[in-house]
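Chain nomenclature is as follows: A, B, C and D, assigned in order of appearance, with residue numbering initiated at 1 for each chain independently.
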Amino acid sequence: MKKLINHVDDVLAESLDGFAAAHADIVSMGEGRLFVQRRGLRKGKVALISGGGSGHEPLHAGFVGHGMLDAACPGHVFTSPTPDQMLAAAEAVETGAGVLFIVKNYSGDLMNFQMAADLLDREHATVIVNDDVAVENSTYTSGRRGVAGTLIVEKIVGAAAERGDNLAVLHTLGETVNKATASMGVALTSCTVPAAGGPTFQLGEDEMEMGVGIHGEPGRRRVKLTSADEIAVELTGAILKELAPKRGQEVILLVNGFGGTPSLELYLMVHAARKVLAAAGINVVRHLTGPYVTSLEMAGCSITVTAADSAMLALWDAPVHTAALRWGM
Amino acid sequence: MKKLINHVDDVLAESLDGFAAAHADIVSMGEGRLFVQRRGLRKGKVALISGGGSGHEPLHAGFVGHGMLDAACPGHVFTSPTPDQMLAAAEAVETGAGVLFIVKNYSGDLMNFQMAADLLDREHATVIVNDDVAVENSTYTSGRRGVAGTLIVEKIVGAAAERGDNLAVLHTLGETVNKATASMGVALTSCTVPAAGGPTFQLGEDEMEMGVGIHGEPGRRRVKLTSADEIAVELTGAILKELAPKRGQEVILLVNGFGGTPSLELYLMVHAARKVLAAAGINVVRHLTGPYVTSLEMAGCSITVTAADSAMLALWDAPVHTAALRWGM
Amino acid sequence: MSHASFIRSATQTLIDHADELTALDQAIGDGDHGLNMKRGALAIQGKLPQLESKPLNDALKTMGMTCVSTIGGSSGPVFGTLLVTLAKELPPAPGPADLARALGSGIAALTRLGKAEVGQKTLLDVLDPVRRLLENRSVQPSGDLLASVRQCALDAAQATAQMEAIKGRASFLGERARGHVDPGSRSMALIIGAVCDSLRVTP
Amino acid sequence: MSHASFIRSATQTLIDHADELTALDQAIGDGDHGLNMKRGALAIQGKLPQLESKPLNDALKTMGMTCVSTIGGSSGPVFGTLLVTLAKELPPAPGPADLARALGSGIAALTRLGKAEVGQKTLLDVLDPVRRLLENRSVQPSGDLLASVRQCALDAAQATAQMEAIKGRASFLGERARGHVDPGSRSMALIIGAVCDSLRVTP
């Protein structure tokens, strides 16, 4: 295992401290490192709280700030945070308009957020993100994971919260954006959980895992490495099958790196995905490209498409000021 | 070799096309893909042009836009662009106030930019960036490479150009920022040039290359992998030795990923570097953390420190709107 | 008997098997299970003095809360809820049938919490066979019964290898999960085995 | 004789040795040299019909410009400037001494351009020994002379392995560059060897 770390037990704490110091203008660290919170809370705004295992950075702490999250709860690497963390975060950032939890659909995340919600004596609601279309069979409900589309839900709902929408409206909006969003990913290499000390899976020099999530889990199928164009056809094809957009539909295209894939390749995938979308008559009107929802140093990428109406696009374009996503201010 | 590509010969063209499509609001592609240029040129502003081998993305095309570069010339992977590219770019973006070339100190870049400058019949000047302190002996002049500090020079000089400073002033400012900036890097893995098909060097499971540049070249010394803290002491120590800042000096700290190192580790390195700087009485007033000046998928990072006065800090803070760096607008 | 001894041995066996548990989770999950269980076990061990002086039910409740607040992942809520339910349901000096009833409540609580059912390759597939084995025994735990409970748990964990995964993070693997033991089931079996062993030594 | 034949063989040998040149550059540089030379060679081959019909000097100039505008890196300006200088300095039907003089001008031009000097592990360390060998020969190229020029270039390239790198991208390696042949020197030697061979066959 080759990592820029000191002791495996200290990875998370030291990284969080570095993050908080580097972005002290926009975030502050909660007591006991249970959560990262936004500076300058706005009274009367619904508090948006997300969280999940670490190792997906910048998700979620990198999206705390104006126009996005109010707090993020970092669990251990690939391990959902505990209910205490969500409760402490809610105490710290709720200002009277209630709490909206944004949760990725994994059994661990669901259960921990559920326990927190059960204990929270403030108005709250939960949006569950399950954008991963790698799992086709709809009876595998818990297998339909929340992956890179989470960023899109957090951005759009965050913008609506910032303008003052109430909890019920935000809840509905979150579910609408989730339904309009589909993702699928491919891994060329495994990642190594620091505490595990070795890669989660082994891939041959000519193999890739098709349909991976973001926890370094093996994917749906192991197949021969193919070309970027063929990969784009499979990923984007599965997404289009799910969303079934009309010709002319306007979409946001997120080509997300898993942590070990260089920008050169991600933009090549943008090019490849655009060809597939263009052939289907889909109109890409917004792009985001980069390592936004990662699996440590895994090589590979996911493609996310959100079929957006003009209201969603306006919220996407609204100013945001977080560590990892910033525009308009 | 595992990469998201189609044919090795098409990597650069397809990636550039994806980039131009994704950022069509801020850049446009020059004829024959010789350069990427900013949309909405400002008449009477000095044109800032940089360029270099590809594989360092987002450097340089990712820094084209308001408040930074007017054009970037992408060479083949790790190969300086040709003089034709710089000439075509200068023709396209020079609007009467002359051209400032920003060039990383590598023999190839120097020679190609020099040839372009010799042929250019417009007012011009060149800033050479050589921030890499891995090479101690000062007689190795061409070994003192331009690395991640290039971003800092481009940002600060870009802001000054945007407010209307003239060519002579910008030239002096560029040299001042370069002198105030020092960097050093470490690699935990090699990268693979697509056309070469295999890694540039082989490292043992417990080895790292200390003092690497950004071309996947081997470093100054091959040593046993050590802890993040020890690495930070060596890198930051060499930088401080070079800059010899007074106690209380305000600095910009850039912890730059080489492409294969996750955010989790980069922020841990921020934490480690801050400890070294704090012990030396140095005051980190601005941070930038991420994969900004990369070597394809190489794992590792570099640390860059710029000893900045208040004028430089104001220029650093000035609005910028490029594909990879954006704030204030 | 003091519950301190089986708490000590159950937590210690999880710590000792952390690498094995991680390896199982790497095969069909995300590779954190060993570390998760170890973290919880260490947290409980840190509270041993305080647990020792409490009645069994209070000790189980404290352990459950400790799991919930230190482990995270799926294991935290699952092991935590199980322990908290047992704390609620067990009488002060439980016999096998009491344990069976309490385990039944635990399984129901876990199903409410995590929507998994028996047969979906989770630790419920260890709890349920053990519950059934205990169901019809009304006597005090004998050496024989302890040995067969222990074996039942270990076998049940092993048998999860033949199942598809439907719940939990491995569920996207579907068929591919076959042939791999479910990590949480292995943990559950290790705990049950350790408890049985320590009850046999100090009945 | 037609210069088309030596252009064809010099460019072809670079294409054939691209992998070797890349491997040399990977050892002490960034691994692009083979591809760089191949790109330039292919561009020149694409112009063969037009080069064939030009006088030698014009052909050299066109080749030099082609190197500059297609190769990039260090090789583009270096090989380009060398060819352009030779085009300028060589008389229409050059003898060995003419070539020596022109090479001297080429070396001077490269030193002006790239600030490297002989002895710093660049292709100047192939050009200079060849220049010295030709310097005192005033006769027309004989088979013997061609063979010894060829050998001199190949040996000189090989000898760069013993040098430290002071210029070029390998210079940061310093001592570590020892033991590795300089890739640009190897390219230069391959070109000179191919030209000698083709002059011997079609003098």
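Note that in this section a residue touches a chain if its C-beta (ideal position, glycine included) is under 8 Å from a C-beta of that chain, and two chains touch if they have at least 3 such contacts.
The structure presented is a predicted model; accordingly, all values stated were derived computationally and were not measured.
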>> Starting at chain B, how many touching-chain steps does it take at least to reach chain C?
In response: 2
>> What's the distance between the Cα centroids of chain C and chain D, rounded to whole Å?
In response: 74
>> Taking the mean of the CA coordinates per chain, how far is chain B from chain D in Å?
In response: 32
> In angstrom, rounded to a whole number, how far apart do the mean CA points of chain A and chain D lie?
Replying inline: 54
>> Two-or-more-chain contact residues of chain B, please, as numbers and ranges.
In response: 77
> Do you know which chain C residues sit against two or more other chains?
Replying inline: none
> Drawing the touching chains as a network, do you get a line, a ring, a star, a complete graph or other?
Replying inline: line
> Every pair of chains that touch: which are they?
Replying inline: A-B, A-C, B-D
> Inside the complex, what are the residues of chain B that reach chain D?
Replying inline: 53, 75-84, 106-108, 110-112, 114-115, 132, 134-135, 137, 139-143, 145, 193, 195-196, 198, 200-201, 211, 213, 215-220
> If you look only at chain D, which of its residues touch chain B in the complex?
Replying inline: 22, 26, 28-32, 34-36, 39, 68-78, 113-116, 166-174, 176
> Inside the complex, what are the residues of chain A that reach chain B?
Replying inline: 2-7, 11-12, 14-19, 21-23, 54-55, 57-58, 62, 77, 188-189, 205, 208, 225, 227-229, 231, 259-272, 274, 284, 287, 289, 291, 294, 296-297, 299-301, 326-329
